[in-house]
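The two complexes that follow have chain A in common; it is paired with chain B in the first and with chain C in the second.
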Partner chain A sequence: MATAPAVVSAPRPLVVRRAVNRLTLPVLMLLPALIIIAGLVGYPLVRTIYLSFTDTGLGELIYGGSTWVGLENFKEVFANDRLRVALVNTVVFGTVCVIGTMVFGFAVALLLNQRLKGNLFFGIAVLLPWAVPAIAASAIFKWLFDSRYGFVNWALVNLGFDSFQDYAWFAGRFSAYVAIFITVVWQSFPFIALSLLAGLQTIPKETLHAAAIDGAGPWNRFRLVTLPLLRPIVAVLVVFSTIWDFKIFDQIYVMAAGVPDRAADTAAVAAYREGFALSHYGLGSAVAVVLFLILLAFSLLYVRLIGKEGAE
Partner chain B sequence: MRWLLKRGWMYAAMLAVSAFALFPIYWVVITSLKPRSEIYTRTPDLWPSDPQWDQYPRVLGEGHVGRALLNSLIVASGTMVICILVSALAAYVLARYRVRLTRILLVLVLITQMFPLVVLVIPLFVTMRKAGLLGTYWSLIITYLAFSVPLAIWVMRGFILSIPDELEHAARIDGATRLGALVRVVLPLAAPGIATTAVLAFLEGWKEFLLALTFINKEEMKTAPLILQTFVGRGDTDWGAVMATSVLYTLPIVLLFVLARKHLMTARTAGAVKG
Partner chain C sequence: MRKFSVTVAGLLLAAVVAACGGGDDEPSADKAAGSGSLEGSISVWIMDPGSPKIQDVVKQYATDFEAAHPGTQVDIQFVPWAQAHDKFVTAIAGGEVPDVAEMGTTWTPEFADQGALVEQQAIGEGQYVSSLVDAATLNDKVYGKPWYAGARALIYRKDLLEKAGVEPPTNWDELMAAAKAVEEKVGGGVDAVGFTGLSEHMYLPTIWQAGGEIATQDGDTWKSALNSPEAAQAIDFYASFYKQGLSPKAAVGWEEPDAQTAFANGDIAMLIAGGWGYNSIIATKPELEEKIGTALTPAGPSGKGTAFAGGSHLVQFQESQNKELGAAFVDFMLEPEQLNKFTSEIGFLPGTVDGIKASGYLEDPQRKPFAEQLLDHSAVYPPSPKWGGLEGANIFDGEIQKVMKGQETAQEAVQNLASKMDEEFAG
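On to the complex of A and B.
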């Protein structure tokens, strides 16, 4: 370092040297983060896309030597009943979860915004489910929905629904999804409700007041004033929950494990099983890539949405 | 009367929502305190006849639960420390330098947040296998950085942007180097932001399940969510033990959340809503 500057500085103009000096520090500071993102996100992503075009099994994965099969895996994803069902499950169940979470979260946000007595307690009560990790929540709800000793069946039978005596929620796709839907909504409505509450609190009281004076009832005030003003936040939250609910893994892996024929698996779980349980790494990668493309579309939508907001 | 008609249903709704939010948590705690005969019954009681705490020492002693919680603590703390170091530097550059790539980089950072992890898991597994790291803490700490660093950069950049440039200039006029000013002026002022980011990074490591499921095989290396899944997946699930484990696994986060809820909300919404 002591001799280097003399050699370097002589032929180079001062401006370039200054620029190099100025850029060294920031580049060095960015480098660790860039290496992590490139090495742990970029490389594996490219690698998965490559694998999805090969017939990689366990042997090829470890010793190399897989063959290129073109679009075969992708044809298989849509031809294979189990995988196609998993993709349809993802889209349908994901969409229902998003709608359920948004509607319920919005209702809770409006309620929190009323500032009733006991609001602080209410706010903390609503926050708590968000703190529960997905696996713990799955265990908790699996116990609540247990066929013989679960609280839900006991409560339903006591309410007069006798057919729920020993009802096995996780023996069929639809009933398993009902239980998982309730788990997902329970876990994700707090974030939606509290974000929307933050948005609601930015709406000036005068605006709502003026609308009331003009004769707008509560429903029209909500529809014509509140909702349009909250549109940017709602849009971003919808995109966010779509991404979260479409890539759902933990809850399905734990709660849908007992459903016959793995009929309730979603794309993320199916991709994982295809790879790690069946050693079809090529096919598993193809499922993952299809899921990735669906989510990428939503991510781009999101970037456009925040792009618009940034421009305002 | 008018008041009752107008406000009464709102209070009813508030109570119903609170019950929906709290009942599952209440039920877990209650189940963990019940003796066996009151857990496996078709007429469950809302309150244990005689609360018993022996479930807790039992799971901590026998079922690898204590070990699993320790494993989770090590992995989550390791992730947190490295994540803070790496992302504080990057966030500072992205906040202070007019890098032409800033916008592209930030979009990239955000998109990595939206990846389904399952897209990355197969190559990460191969890499860890080749590096001989499978089944170690490092395999988890390193891979958890993949999604905690982008979020941390995003949140911390917001905090650094809110610190006035002038303070730094003053320090530099007094002879501090850029790095010196960062360490002595910017980072102390960004302490709330660093704390928030630390909590977020810790939570990511504490909650993660998919990669742990893939990388960890040995019983004594399993993290808490993995142990829970193993319990639930068995044919004859010991629900008392599962519920006690869930309480031990969730309690630290609930405390963290209630204490830091204001900061967590601003951080999450700053990341989610603002461009």
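On to the complex of A and C.
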């Protein structure tokens, strides 16, 4: 009786110890990063979610004492015209930007993939818009689209479109979105283009040659060979773009400020305005949480789509 | 500039001076220097005046003060107006406040209401511009000392009005007639006025000019007075310039500086602007100086040409660690000879009565209308703690823009605004 347990128990601590040993080092090495992530991402996230269930204003933020209001703020988000419009703007305009960025990025990637003279130079030049801070780019584009002194109106008038004389791009929601769309795509296509270019260069030449020999034209080669092979990359890029374009802030903040009744504000700007300008921190946080959930839903959807593809 | 004027309105943030109580004998406003016991360092936030020359005036204050009080250090930071309100909020929330700050007069009651500011006790009768003291007052306590103030008046291009064959307008009817004449006869892409969608200090005062009120006080609470025929008439009048093409097409989305730029570029003939705007236009285009005329704001149907009295208070924060030094520095900045170095550059009037006397403003024909406008034809917005938030949230602009674009009537706009205001006043 004395021996049996000893025999059984001896290996057990050993297994556990081994497992612990095996885990200790990785955990220790991950710890610094985990602490930083918990501090910089986790804490604000938890706090924002908490705030979204309270009636926190400026006084409560400083001295504490906010009241739990349950789902009141979330009801308000969907009942308030301005906030509901901001959420719709976010989804619609964000989606259009994702499509625009992907299409333009793909076109540039295909061009850069041709063995043309000077492609190294173009490859570097394409990166430049990405290096410009969003707020600076927005200010520059706002100026380019200025009604009287902007380059865009000047060029359009000289091309014969006389109705663009003094055309006020930011006096209406649709025209303002056209200008902002161009700014967003200009800023975000470089990353897409270069990622796709990297993907294109991994496609074996033999596959494309074989397709060509079988009689596939350029369009069919792209549609039936290139695109399917790039699908995993495209899926990841679409997730990234969606996250970026749904939470755009700088471009809207700078360029859409004059659109009548702020009709072009997106959720990120609306959350900021509600919180910091009106000191309705609870309601502002609720807008941010709704945006977070929308992004989470889109991301999960894409991740599942990618997973399915791998399984096929 | 828009925020700039907002700030201006906030007037008297009484410097912390008084609040620190104890200290050496009550800091006298004219001799801040005080006893040799001042030491340590303070940080001071000043709204960015945008010009290096004016920044230097402020920096010189710090240098001179430090020289007069060895062992002290004054650290000046310039904060852009557009971000200032948010920056104050985050600073207070984070407990990282400056010791002394310039604050827009419409913001002072808001932050005082949060308990962030020090009450100012050494406010003498007749020492400061009184409307600015009113703007700093919450529940009979004063939380800021008026630093400078200004009110918008009419500036116009003499040559363009001459070409149109009209005199500078003195009332609404003449203003509308002059605008139509400019539009018809001047040509060359010149529009008559620069009435914009994002400048509440241009359109809200028209309500006073029409004989209306913006809000009325009943004990501790405020109630919007915008749902009135006078207010509707005022907004309708203001928007009609844009609707009839007398203001640039893009102006519906412009802020005040955009209109000033257009005026400096010769694209518009008349503008409602303050002395600071006038100064900056002259600084940009010196050759315009002899072509620009100034006059009082045209009077409305009530016979009044009331403009908004905006300005800045100097305030001290409760969480400041060196209130005594902060108070001394505030009083130093408010000495008449120091004060005028700044106000004459920036184009505002000093916030102290002695300062105005020393400024010589009333003797300069070109600048006299701005001084008269402030002293005799100006008013302040309701000094409610909620006002700063109302401005910050842009509740006015959106409705005015909709009227300008013809998407709703002035009557609907003032009704909507009144209910939004009451909601904020109540919440």
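The rule is short, and it goes like this: the second predicted complex is superposed on the first by the 265 of 312 C-alpha atoms of A that agree within 3 Å, B and C clash if a C-alpha of one lies under 4 Å from a C-alpha of the other, contacts with A are read in each partner's own complex, and residues count from 1 in each chain.
What we mean here is this: contacts are C-beta pairs under 8 Å (C-beta built on N, C-alpha and C of every residue); 3 or more make two chains touch, one makes a residue touch a chain.
Keep in mind the model is a prediction, meaning the values are calculated, not measured.
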item: Fit or clash between chain C and chain B when superposed on chain A; value: clash
item: First, second, both or neither for A:S285, with chain B first and chain C second; value: first
item: Partner chain in contact with A:R273 - chain B first, chain C second, else both or neither; value: second
item: First, second, both or neither for A:D261, with chain B first and chain C second; value: second
item: Which superposed partner A:R148 touches (first chain B, second chain C, both, neither); value: both
item: Which superposed partner A:V41 touches (first chain B, second chain C, both, neither); value: first
item: Partner chain in contact with A:I62 - chain B first, chain C second, else both or neither; value: both
item: Which superposed partner A:W186 touches (first chain B, second chain C, both, neither); value: first
item: First, second, both or neither for A:N113, with chain B first and chain C second; value: neither
item: First, second, both or neither for A:A168, with chain B first and chain C second; value: second
item: Contact breadth on chain A, by residue count: chain C or chain B; value: B
item: Touching both chain B and chain C, residues of chain A; value: 61-62, 146, 148-149, 257, 276
item: Parts of chain C lying in touch with chain A, wherever the complex brings them together; value: 85-86, 89-90, 92-93, 113-116, 189, 197-198, 248-250, 252-255, 262, 265, 267, 389, 392-394, 397-399, 401-402, 404-405, 407, 424
item: Touching residues (chain side chain B, partner chain A) in the complex; value: 7, 10-11, 13-14, 17-18, 20-22, 24-25, 27-28, 31, 39-44, 85-87, 89-90, 92-94, 97, 99, 107-112, 114-127, 129, 142-143, 145-147, 149-150, 153, 178-179, 206-207, 209-210, 213-214, 225, 228-229, 231-233, 239, 242-243, 246, 249-250, 253-254, 256-258, 261, 265, 268-269, 272-275
item: Interface residues, chain A side, partner chain B - complex; value: 25-26, 29-30, 32-34, 36-37, 40-41, 43-45, 47-48, 51, 61-62, 107-108, 111, 114, 116, 118, 121-122, 124-144, 146, 148-149, 151, 154, 186, 190-191, 194-195, 198, 232-233, 236-237, 240, 243, 246-247, 249-250, 253-254, 257, 268, 271-272, 275-276, 281, 284-285, 288-289, 291-292, 295-296, 298-299, 302-303, 306-307, 309-310
item: Residue numbers on chain A that touch chain C, as the complex places them; value: 58-59, 61-63, 146-149, 166-171, 257-262, 273-274, 276-279
